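Residue numbering begins at 1 within each chain, and the chains themselves are lettered A, B, C, D and E in the order written.
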Amino acid sequence: MFLTVRELKKSFGGIHALQGVSFKLDAAEIKCIIGPNGCGKSTLFNILTGVLAPDSGTAHLDGTQISGLPAHRVSRLGIGRKFQVPGVLSDLTVMEHMEIALAARDTDGLLLRTLGWRGGRAAILKQLETAGLTDYAGQIASQLPHGIKQRLEILMLVARGARLLLLDEPTAGMTAAETQATIDLIRRINKETGMAILVIEHDMAFVRNLSCPLIVMMRGQVIREGSYDEVRADPQVRAAYLGDHHA
Amino acid sequence: MSYRLLLTLAIWLVLGLMPLALGSWELAMFGQLLVYGIAAASLAFIWGEVGLVCFGQALFFGTGAYVMALTSKGMIPGIPDSAWLGLVLGIIGGALAAAILGGLLFFGVGLRSAYFGIVTIAAAVIGERLATNWRYIGGFNGLLDVPPLPLPGGTDSADPLMGYLLVLSFAFLSWLLLLALQRAPFGTVLRGIRCDERRMLSLGFSVPVYKLVALAVSGGVAGLAGALFAIQFSFVSPAVIGLALSTEILIWAAVGGKAVLMAAFIGALGVKWVEGALSESIGAYWLLVIGLAFVAVIVIFPHGLLGRLLDTGLPKRLRRP
Amino acid sequence: MLEIEGLISGYGKGASVLKGIDLKAAKGDRLAIMGRNGMGKTLLAKTIMGLVRPSAGKVKFDGIDITGQHAHSVSNMGMAYVPQGREIFGDFTVLENLRMGVIGKPGLTLDLDRIYGWFPILKERERQRAGTMSGGQMQQLAIGRALIGRPKLLLLDEPSEGIQPSIVHEIAEKLRMICAEEGLTVIVIEQNFDMVEILAERVAFIENGKITGEVPVVQLAADPDLITRHMGL
Amino acid sequence: MTDFSKALFGGRATRRRFLGGLGAAALTPIAATLGAPSIARAQGAPFKLGVLLPFSGGLELFAEQGMQGIQMAVDEYNADGGVLGRQIEIVQADDKTDPRTAVERATQLIRRDQVNAIVGPVTSANRDAIKSTIERGETPLLYATDYEGGVCSPWIACYSAVPAHFVEPLIPFLLEAKGAKNIYLFGADYTWPQKMNAAIRAKIEASGAKVAGEEYTPFGTKDFAPTLRKIEESGADFIILTLPGADGVTFVKQMASSGLKDKIGISFLGFNENYLPGFSGSEAEGIIAPLPFMQTLDRPEAKEFVAKQLAKYGEKARVTYYADSHYNLTRFYLNAVKKAGTDDKKAIMEALPGQTLMSGNGEVTLRAEDRHVDLNILIASVKDGGLSMEKYIGKVNAPNQCSL
Amino acid sequence: MSGFLPLALDALNYTSVLLLVSIGLVIVFGMMQVINLAHGEFFLVGAYAVLVLQGLGVPFWLTLPLAFAAGGLLGLVCDAAILRFIYHRPADTILATWGLSLAIRQAIVIIFGPSSQQVVAPLTEPVNVFGISYSSYRLAIIAIAIAVAAVVFAVLYKTAFGLAARAAMANRPMAQCLGINTRRLDRVTFSLGAALAGFSGAVMAPLMSVDPQMGMGFVLPAFLSILVGGVGSPAGAIWGSVVIGGSTTAAASIWTPVIAQIIVFSLSIAIIRFLPAGLSGLRRK
């Protein structure tokens, strides 16, 4: 198994954010975690990226334990994360973002190598061109349209060269067309780079169109795994989304 | 080449040609002011790139000055009394002081930037107290009779022209170094850290190490400025290590432009010059005027007086295609 | 009561998220605004409230133009806001939280009995630190804090978030009752149809920063596919 | 109300006085030109005297007092035709009580203004800081503040009370006249108090009395309770204070408030008339200070000097030993210029020592061996809010400062 | 080494003084995130207010409230003229208030002259407490500091203003949404901080040299106090003053004031380093 998560538990004060979450992900597989706000998705991502250490349980990437490692080490092992709030560096230009991502890939973030790094303009422009962001190259990130910010962030992670991509609500705030473009982008990234991708999302249209296996979380637990149709048919899941009333 | 870069280069050219136009008094004065310019630029580097408001800059400056004075006076056991060696050791000393401070503050539970400022204030005061109490390095009065730097051709830095050219060359070299770092991918990473440390961590950059190295580089340049101070002013004392100088350096950089090396550099020269002129012309009122003028600059020009004018922008490789 | 015309707004210097919102609510109306995450619903609430300054457009409240007014003046004119995440003062006691609802408003007394009548749990927990209560209790406190200021309009952002379905139901019923009693105008931003169905009469859908349609709740309840279509569910 | 308006306008009036003085200095050359056209036209350039004093930064008062002396000396010589047939012009510079600024201003005075000599500064740190600058600039430095001793440079002349001047007469006086047996030494954390106390300790121990304790405090300390407690518990019967400026005032006030001052005697080195307005009631009463001069000194030369100062700076002016020392050292220097007959700095510096003149307190000689003076010392104490004589000591010979 | 009781009294006294000075600082810093480097100059203005008022024949105890008003008035002016433009730029508030401090201090030098001025002490005779003789005015300061802290806490925890202020400290936007005019609150808060500084200056005036530099010695220990105590809560000023005041007095009693300063600064750096939320942050965890 590429990513193995076993019985992760985490609580803050009296709130049990994760109450024993386990799941698996194959190499080059896309899975989507859905669940209402506050179900523990973000805590899970924080543990998988080294921002938080779990109270108990483990996570392994390709046989290496990643739970409990500091964030930059986890990143170097090949986990890239896209944050829920558009994760761009507000006063940097798009090209600077790409330089940071490419430098992180080529140097593993090691300082001495950064000093000598000469990845350069050509690689940056090529990346931007593939993602269709060339027009925005010189713009400051805080001034970008919302959707472009999201795409820029994903592109950074791709350029950074992760083996596993964690996407936290990648289409939040996007138009339907932008959402579709993002789905295409995710599919293409997956196909071309063989990256495994774990998505958190609660936009069901997105989930349906991405058509991948789903993991449904609720109140810190995995309540269901399966395909879109299986999950949609599950009364418990419908309850989580539409309230008891419709169950 | 942007007109801003041209302007910056023109300033260097003018500074380089000044000896043709100026008498020995102006050269001697500028030879002293340029030292402060280097210190201001060293602060602008970490303030602008990493966003650290550092009240400890004088600590690095002072370490450089003391190391220089002790070495050239032959007061460090086992180290020959060479002024040039002192210069090198001064740079290393400043960098080391910065690295130690950074090592204490950046790792583990990180400090928010306002706290960083206050903690460095306390560190500057402690540095000043230690220097005052350490008899070997001269205590409160400090060390006097620091010899000038011998230069090829039998002259030394005590000569106004030679002193000026010496400090100017080091100022130019420091500027080149800091600018090169700003414009290298390393600088881009630092700016990324300024925007969002968490995200840079998640991209695989060990943020504390980068901050530490940036602070050490800044400290090294400040140490160089301190070493040059020792030979230009021929003395060192706790006054070059404490809070008063730290605050002054912040002021110079803020008035000139805290994020732009050249603006901060000129800011130091300008503020010192205006201070001198005001203290001669309006007597006791000069501090009042300086204080209020300074408040006005901070309120009205968040980027400093020259920040926008001298911002050389991004390197060519990062310009829009 | 509330008229919004061509409202354009965004965060910071960034591009606009709301791209021309038009919305009307008469006195006594109970309007829900639904839309997917990130469509600008919360920004809409913040812009109405005066926390975010719109770049264009107009907001009229009770006949007065409040565009660009500070949040405290908007509040004092009679608009109460229950934000997403409730934002109660966790370090304050329940009573202090309730007092916060009146101290900014001249001429109001702390009419606790009225609030405790609706939410008895708050009376029980009066001296407790608000941060230690459950999600549902905090939500009742947030609503109580808004109502104690005797607003004309109640603006709720995701009141069902993070609350057990049974409690959502209870809160929704209670809100409906209160609104009817007080003749309050309500605007509720929601994703949870359960809450919307009980509380609102009318639903406006927001997508890509614009209002894409308005449907009576009865119609939505009768035809669940309508909501699926609008919400992409 | 008058006191208030004095407080309100006192500072400004002083300022105007300086500016007025400068104006007068600037105008006199014109008068001289009219009176003696031939010489003045031949040598029109004024003879410049640099003054480097802390006009801001906390020691303004010392600067004002020093300036009072210098200005009077210069005005007297100018009225007498100046030196070398040229009028003397004062070039004033503010060292902000900061060593870095002192070096900048010294450089400016030497290189830009090309002064013939510099009078000042006040603090030892600033004097040490500018030492190399004035030696390289080969410009005489005239230093007229009491200090820790040991300055020996061909370019520096000192009109200063060094430790011996205070310690030699003070300790026997405290032991014999005041019955002190156990003395606590407390000072600010810098060179002057440390050197001073080393000398005091040696003298006390040689005289068979005891040092109850020795302690230093950082500048700017505002709470002296722990130290006062220690002093009380040490069993000391006298304190010798080397804590100049505001901190010293604060210490004495807190000592008075704690009641300790009624039990333990206090001697304050460097105390002078400037400190008096800082105290209220009986807070300062009984403070013993060794001084080379005081305003109320009952000697003809002192009365004459004070009268001249008051005539020049107003009846309310304060005349301290700073005014006296700066006045005398400036006169020594201007006499040397006359004696040398040239504005060659080296020649003037060589002509400087060996002179004797009447100071505000007896005859004083500028010694040839170390360019320091032997001062006439008196011991005063605070009585009824003013300084009054306890004992007149007379000439004290300090050791050669070049052989320390 | 002194007995415990005198040492405790000395420590309590210095703690009280620090508390007086830092309580205004913590309110301003905690509420507005403004690091007010001009705090020492508001202190100075309070002391000089006593000087002027005593010159006019106002009895000492009556000058205290007037010094409070003087500090507050100056704070109001500074807020209106300077600070309201830069509240959202914390680093710049440090620099601007530093410039302000320079200007105020020099204005005092120009108006009153640079020298120490005389403030007549109201209580001069030491009294006997538990068998040791102690300065009666110092005892008065302890009482005043406790009273001021009590009043400030009563205002913060018992009045509507205090509730609003604490609410703005905890969640600014929400406070606005509940009808709190935070802009006006800022102005009142800053003025209150300045007024408290002025008041503490007036209280301290009889015990120290009244000169233009007098405020500077307090600013740094007061800042360390509020950082050590934690700026998130007004109670932080109490914890911080106890730690800084107590350790300064103890170290100065055991060793020397110089060593005390070095120890206290290092200790503060260590506390701030490992407990960024200060000591009052511990309790909340």
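Miscellaneous remarks
Throughout what follows, a residue touches a chain if its C-beta (ideal position, glycine included) is under 8 Å from a C-beta of that chain, and two chains touch if they have at least 3 such contacts.
Please read all numbers here as calculations on a predicted model, not as lab measurements.
The fewest steps needed to get from chain B to chain E, moving only between touching chains, is 1.
Where touching is counted per the definition, chain A and chain B have no chain in common.
Centroid analysis (C-alpha atoms only) places D farthest from chain A. Interface comparison, B-D against D-E: more C-beta pairs in contact at D-E.
The most distant chain from chain B, with centres taken as the mean of CA atoms, is C. Taking the mean of the C-alpha atoms as each chain's centre, chain B and chain C sit 53 Å apart. Centre to centre, using the average C-alpha position, chain A and chain D are separated by 74 Å.
Separating the CA-averaged centres of chain D and chain E is a span of 36 Å. Multi-chain contact residues of chain E, defined as those touching 2 or more other chains: 106, 109-110, 258, 261. In chain B, the positions touching at least two other chains are 129, 133, 284, 287. Residues of chain A in contact with at least two other chains: 90.
Listed in rising order, the residues of chain B touching chain E in the complex are 53, 104-105, 108-109, 111-115, 117-119, 121-123, 125-126, 129-130, 133, 247, 250-251, 254, 284-285, 287-288, 290-295, 298-299, 302. Partner chain B is touched in their complex by these residues of chain D: 11, 15, 18-19, 55-56, 60, 93-94, 96, 98-100, 103-104, 107-108, 111-112, 124-125, 128-133, 136, 189-191, 194, 218. Touching chain C in their complex are the following residues of chain E: 160, 163-164, 166-167, 170-171, 173-183, 284. Residues of chain A touching chain B in their complex: 49-51, 70-72, 75-76, 80-81, 83, 87, 89-93, 95-97, 99-101, 103-104, 108-109, 111, 114-115, 117, 119-121, 124-125, 134, 137-138, 156, 160. On chain E, the positions that touch chain B within their shared complex are 33, 35, 82, 85-86, 89-92, 94-96, 98-107, 109-110, 220, 223-224, 227, 258, 261-262, 265-266, 268-269, 272-274, 276.
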